[in-house]
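Chains: A, B and C, in written order; residue numbering restarts at 1 for each.
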Amino acid sequence: MEPNLNDIFSSDEKDILQEIMNIAFGNATADLAQVIDIYVVLSVPNIKVIDIGDLPHYIKQNIPSSENTSILQQKFWGEFRGSGILVFPQTSGKDIAGILDDQFSDDGFTLHRQKTEILLEIGNILIGACVGKVSELLGTFVTYSPPHLIVDDSEGHNNLINSFEENQTAIVMKTIFEFENKNINGFLMILTDNESIDWLRHALQNFMESYE
Amino acid sequence: MIFEQIFNMVNVGIVILDRDLNVRQWNRWMETHSKISGNEIIGKSIFHFFPSLDAPWFKRNCKSVLAFGNFSFLSQKLHKYCFPLKPVNTFGIKFDHMQQNCTMGPLRDQTNVVEYIFLMVHDVTEVAAYEQKLIEMNIKDALTGVYNRRYFESRIEEEFERHKRYKRSFSIIMQDIDYFKKINDTYGHQAGDFILKSFSTSVMSRIRAVDIFARYGGEEFCCMLPETELVSALSVAEDIRKRIEHTTFEFKNTPLNITISQGVSEMKPDTSCAESLLKKADDALYEAKRSGRNRVLNK
Amino acid sequence: MVKVILIVDDSPIARKMLKNSIIKYKEFDIIEAVNGQDGVDKYTANKPDLTFMDLTMPVMNGYEALQKIKEIDKDSLVIVLTADIQPKSLASVMALGAFTVIKKPAKPESIQTIIEKAELKLKAMRG
């Protein structure tokens, strides 16, 4: 049976979580413009619950062409813990490098490696922005492991699944992002671990109480 | 506090910056490797001492720490280093600067507001050197030190794509040492290896830095000349031919003379793929061999 | 004086948060609308002294609703609430005639300050 958000949260808690996400991703958009000098459009986040085993299927469903996708994962730790996952459709190295106004040498050989590193740096900033803002609103903070790329094949997908606990349900908060005028878009998900769901419920109530 | 000693005992550079990017802490490791004392730098802007950090990538990462409480991982692969420091152990290391992985993160006040940025600097010069060596092993021929066939083929594919987009001409030369087997049979394999190395050195000294010269297999070599039309490529090949013909290579007091045959081809709009360009040069080389060796022909 | 306040936001939680912040300050007649269109309708029907407007909403977004309300009453005081506050969006909202823009999540204190400012403005306008 499909897991359901209603089994985990009351309808009030669900609304609070949705509003926190709206605020967090809005704040992230505003601050990202300061950090990377580009307007990143983040869509209204969508929250749902999935079984970890369905994650590759879910990713596939959400990208128009499943070929040559770059998937990036970054774990975060704290009371609020889980993974940020960024899915980038494959774009040319130049487009990606163009997001950051740095000068890179194009000697052919190192360009591919640099492209990977640039992806990781952009991913780190995007995931950090969204996770950081959510944490801030929930009155906590998190630390991060370095992000890494996941190869988009069955082995890569298995590694991704194996990095979670078995039979875990995860709360997925998904947003579509687009770098304005760069024709680069993708989607970003925040997945929470089972362990932080109790904490999350508590944090949602605390958040609301501060307005009562 | 005794525990505070850790700050100066660890084999890692630790720097703490405030929101204006002024240095607030500078540990012993940083003092040792930068030759700048804490007294000198604390309270001053980091850019005053390290102007190279006054760049978009560094400031962007500082901002993301301050705005989001982010951690930034500045990898050696992308940035080489944050601080231009001298490598510790110069033995066998080709880098001008210590290669570094740097981590940045937030330090917060009691209300969780990010007040400072910490920076940790790890020396990864040896790892980077090892990695560079592996890469070289992967793209270079062990005996002669020139590129190997796999690398040559990937570069010619790239050049072919570039030609399709920008219509830039380029040519290739296929080269084969005449009667190489005889050298091996008469003077031994060591002499043969010596000839392969000497020949490579000689060609390398004639071609440009942008040209890609590779050992294609056995005594067969290949040279790709970007932005070069057939006429120029032929004259380069002829030049190399003369040079080799008139050079006496001395192996253990034995003078050795060799000649080479060469086939040249130029990229044309109707060339369907990189492979067919190679085939044309190879055909020309075969013709050169068949019609008497020690000559340059084109197709 | 401010008597009637209209809150336009699609999120029930956002409306509740804002309502609680306002009530903490003083008692008002508070009317709620769930999207831009509903906001325009309720504005027309109730003529509130002050309107709080979210930007991202279904059916009709906040920009459009703001524009419509200003067309109905050019002196209306509309306070825009948004999480994505940056020079670009700020400028366009102000150009449409918003009274001011507040960053979400809005602290109760800043809501009170803004109501005080609006009361002063109303006093000056109505004499």
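We adopt the following convention: a contact is a pair of C-beta atoms (placed from the backbone, for glycine too) under 8 Å apart; a residue touches a chain by one contact, two chains touch by 3 or more.
Computed from a prediction, not measured in an experiment: that's the story for all the values here.
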When A-B and A-C are ranked by contacting C-beta pairs, first place goes to A-B
Select the chain whose centre, defined as the mean of its C-alpha atoms, is least distant from the mean of all protein C-alpha atoms. A
Report the chain whose CA-based centre is farthest from the CA-based centre of chain A. B
Roughly how far is chain B from chain C, going centre to centre by Cα mean, in whole Å? 60
CA centre of chain A versus CA centre of chain B: separation in Å? 35
Once you find the CA centre of chain A and the CA centre of chain C, what distance in Å lies between them? 32
Find every residue in chain A that makes contact with two or more other chains and list them. 34
Hunt down the residues of chain C that sit against at least two other chains at once, touch-wise. none
Over in the complex, which chain C residues touch chain A? Could you list them? 11-14, 16-17, 20-21, 56, 82-86, 88, 103-105, 108
In their complex, what parts of chain A are in touch with chain B? 28, 31, 34-37, 100-102, 108-109, 113-114, 116-118, 120-121, 124-125, 128-129, 131-133, 135-136, 139-144, 146-147
Residues on chain B engaged by chain A in the complex (per definition of touch): 55-57, 60-61, 63-64, 67-73, 75, 77-78, 105-106, 108, 112, 139, 155, 158
With touch defined as at the start, can you tell me which chain A residues reach chain C in the complex? 12, 15-16, 18-19, 22-27, 29-30, 33-34, 39, 44, 137, 208, 211-212
